[in-house]
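These notes concern the structure reproduced below.
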């Protein structure tokens, strides 16, 4: 009997492997995106081990002489900042705040957007009207100005930023999920579930939610990029989390200290590239999964 | 026989990662200078691909692999694209299935008429206007509706408009691809009446691609039956439908309701057509055929069994005996 | 000598107030550990130098065994806490900016640390020392310059002993201008301000075809109103459009301006004799009635909250003849010339009297009145102002001190990089508001020695750490002295302010030579980190387990700042 | 017409909601506007006067009614710091922002549409393999970073373009229109508009490409080929016209969102527009001004959202002209 089941199960793995390999071959964009994500995740996890210095520490060379603007070297891979801090270590630690901002914002966008989209689409009626009205109102709020105003009026910080990004971005997800749910609702198996007496909640979360999950994930991966870009812009304008070590703040620091005029490329180019790479990864992944979700576009 | 169109051993292949798919695999038939030829078969048998191949608008992955299609003395297969373009719509026109987007959704019908008449027909704008009105009248539409957008038309009206558009430049041959499929039965008949009427008045030739034997019976003069990329039987409608020689044709007759006579038991043909990626040797219908024998493993040629009536079946001579069996549902049941 | 020892005794007394010392306790024992202290600072983005300084200071103070946490707060929230929650915070980074009228020490001496200003005024640290108060009051009414200087120096010594602030640095202003556009020798520096001053703007002489002074500003001009200035750039503009009776001269001392002569028959009477032939930009002559109105208007109702305090000491102002205006003061005021005569703008009564009357019946006050085209009598006339873009003034050809340039244009450029680029490209020709990297400007000048001239000047203002004297352990002067001693001011100037600052230990800048106590920076009690440790030891503080504890018997009862 | 009315009513509702939200935001959040006036001579009495003069001493519901009333009259209040009517300040900045946004969008969409259509035909080529990641990268890069890089090369290093502002210092014009059309203004506009366009072009490019690919598979395109129409006629008259529908909508939406989204570009290039008014007002806690700028930016956004909807309906006969039977 165990032999039989092994035989029965056997094709699953090669099939899965083949599908994965096929995916990798057919979706180089998505693979590149995932690889970038992986790289940054590993960097963030082992930031303390990878970084050569404490990113906040003001380094000295000699008594009371701050080690500012050191050129790239074997001790300081990317040199030091105007304030005498190690650029490379800040860059490495910056991946933490970028991922933290990106992932938490995306998480809330996906959770709120999906939840409200599901409720709105499945329940319809006044629930739908109220949710969609709120979505309309939020879409009438200018994105970056809103984030700035919120940051200025409350204590600026990662939490504020993530909250306002999530607040601003859920309506897009909710709308798409809603229309997806509207079409799913009419499908036979949902009808069947309803007839067999499944509770509304069970239908929404057990039968419909898994169907819209890939779509939600797609919007999530785009939200990661938006959140990171927003953090960078807010930091650049002076509305970022003053205590964080983030790429946006690094750029702000570099610009405020005129790294451009000094031509300190090793300071202001890497954070920008990291932002580009991480945001791009989200786009690439979403493009890849888009092809999986909407094969019509892909052929 | 002075055929308007003579298709010989035409093959159309789709390139896929797994190898070529032989959508049309050596089809041969002729179209006389006047009259309606029905091209009938199950979906996926290659009949639509054949129509498109003749128009020269195959999808990117598809190409004509072999054969010829001589139209008015010139081979459409080898004709240079520029030369073929000269023939398109002027000698050779097309009536699409009435899916919404066969007509450009953001252009008024008048504009779409004008475009063809002026750009392809060389008419002046004024003359084109008059002609468009006349064409609309011909297919039973008010000239005033030329100002409308496609989405304002019902399905039947869109089909009429498509026919009017196809007739704009007085073509010699009209290829109609499932022209009535999406319509309800009443409208189907109206459209088919229009087509028959126009064919008679204008004396042109038509190929009517359809999966519906009833449509063929109602509208066509001749019929070409296709199965799995090949022609299995062809001849005058009366001869073929009243005395089918190929078991597939017999099965097809059972599977469709008659357009005029309701009732009668419908008997589906069990099974599905073979993969065209690696088609089996011999008769391609053998796997589904209740009358298949050992020799069916050999490829039967398309031969003239009766006058003007071709068939590709080893057991064609026994057809009169097989026909009563074929009309019984039990024969087809597995 | 005698006087000084009394002062020291007084300050020591003031210092220990609020603490419950228990001198009878055994010497070696320690009290409670000191709670973690929170140092408020503006964020790095808003004030990079101050932030860097805060980090450096925190690093040093931790070496004393203190737990110091940095708390960056945006401007608004920082002010909110420091100003309106005076009991709550521990210590904060703060600054006083230099303004021409701060060329007289009165403002810094009286307003900042007099106990009258503890509740709601500028004495937000809560410094309360009756001896200090007496000195601060004394210098106000002392009309003898030499005696007043003496008092101001004593004031600085009291502050040095009490250390209510840990003074850090006086910034050094770095300005530059284009030598090809302007004759280099025509540039005028003002004490404590550098070349961004009134005298420079009327004296800077074009060398060639470019006859406009184009100067940058990092902040927009918000209001061009003789009764209201909302920021430093506003005052640079009003300075040029409106004349004043006196002006603070390049040497930092007041000198007659619209008044030809200023005489003081007695301690509370001042006569100003107006210059002949002065006219407003609309052609009307400047009359004594206009001057009288200009000094009466701020006192009417609450129409000019910003200027009203300055006229409150005026008992009466009258035109005694066709050229003379007489001020009677309620009490003698040594700073009256700088703080009032050189501060208030001369406006035309014809224009402003109806406006004043109208606004008295409205909820808004005079500050919100916007003149379509402001009219003054100053050396420059208003042409136009585009918010966030530029302010354009043109030379007043009829002014007795007619500017050498044709126009004075202030460009608003918030971006330091862009500002420097614009200066390099000649889009601006005077760099007068620069907080960027000084080395870049100096390098630029070194590379283009015939193009760019750099001028530096120690500022009147200063940067400091304000300690909340209401809260232990800051209520203990010895503790404050130790903290102050632990701050290396040379390092502050070099590492935080990029060398663009000089060490400070007094609210009176070395730019004010007449008032500054030259040796005060070298007299910080304790002197350095080691001295700081010694001071703490002497005062009974103990380091136990790496953590600083109160003297024996003292309990930690203060709620930590959240 | 009915649809139009409904859409306008909807926009009105959203505007009201946004205005209310803004009101609550600025009133309920911590922060005291009088903090700006802290100085050595600032007293409690002055603070009370200040609050009173801005009506901030009244109860909240009363403030709200006054606020709504003023808003309806087009009165956005008086700036705390500048003491001038907020509307005047905003209207002075509006033309600059409009010029920047419209120019950048036009460049971005002109380029994006052509390049997107081109890429739709270049499927599977090397060009596509390079162009698509390139387009994605421009969308992934922070605008201010792009701006600073361009600024450092084209202005600081090579001195081709001015480093900021909208006009040469002290330039005089007879009218606002003369200013906006002057060579000087346009020259200052190049770099910021280019940066913004570089950031914006990715969307129309990818959108155009995607819709073009979809349209090219449509039956009416095959029909056009069967009709023997020229390639030009097929692409321009049939494919592009259909593919442009969503792009045109995106343009209108982009106009709305860029108005407020320019904040960063305006800061980098010292561009005297609405975004900078907002940022400096927020930084200076000039709440009436910040609130007014926010409402104006939101109003443009809501308006353009509405225009986008109406535009789509107007351009697409399937929506604008009801089915006739």
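As written, the chain order gives the labels A, B, C and D, with residue 1 at the start of each chain.
The rule is simple: contacts are C-beta pairs under 8 Å (C-beta built on N, C-alpha and C of every residue); 3 or more make two chains touch, one makes a residue touch a chain.
Labels paired with UniProt names: B = ABC transporter ATP-binding protein; C = Twin-arginine translocation pathway signal protein; D = ABC transporter permease.
Remember, predicted model here, so these are calculated numbers, not experimental data.
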Distance-maximising chain from subunit C - centres being C-alpha averages: B
Whole-Å gap between the CA centroids of subunit A and subunit B: 53
Rounded Å distance, subunit C centre to subunit D centre (Cα mean): 40
Subunit A and subunit D, separation of their C-alpha mean positions in angstrom: 24
Centre distance in Å when subunit A and subunit C are each reduced to the mean of their C-alpha atoms: 46
Numbers and ranges of subunit B residues touching at least 2 other chains: none
Junction residues of subunit C - those touching two or more other chains: 76-77, 415, 417, 420-421
Subunit D, residues touching no fewer than two other chains: 30-31, 148, 151-152, 156, 267, 283, 285
Category of the chain touch graph - line, ring, star, complete, other: other
Inter-chain touch pairs (all): A-C, A-D, B-D, C-D
Subunit D-touching residues of subunit B, taken from the complex the two chains share: 52, 55-57, 85-90, 93-94, 96, 99, 101-108, 115-116, 119-120, 148-149, 151-152, 154
Contact footprint of subunit B on subunit D as seen in their complex: 218-220, 222-230, 233, 237-238, 241-242, 245, 315-318, 321-325
Touching residues (chain side subunit A, partner subunit C) in the complex: 56, 58, 64-66, 68, 82-84, 152, 155-156, 235, 238, 240, 242-243, 249, 252-253, 255-258, 260-262
Sites on subunit D touched by subunit C in the complex: 30-32, 35-36, 38-44, 46, 49-50, 52-53, 55, 78-79, 81-84, 89, 92-93, 148, 151-152, 155-156, 159, 162-170, 267-270, 272-273, 276-277, 280, 283, 285
Subunit C - residues contacting subunit A, complex: 43-46, 48, 52, 55-56, 59, 70, 72-74, 76-77, 415-417, 420-421, 436-437, 440, 488, 490-491, 494-495, 498
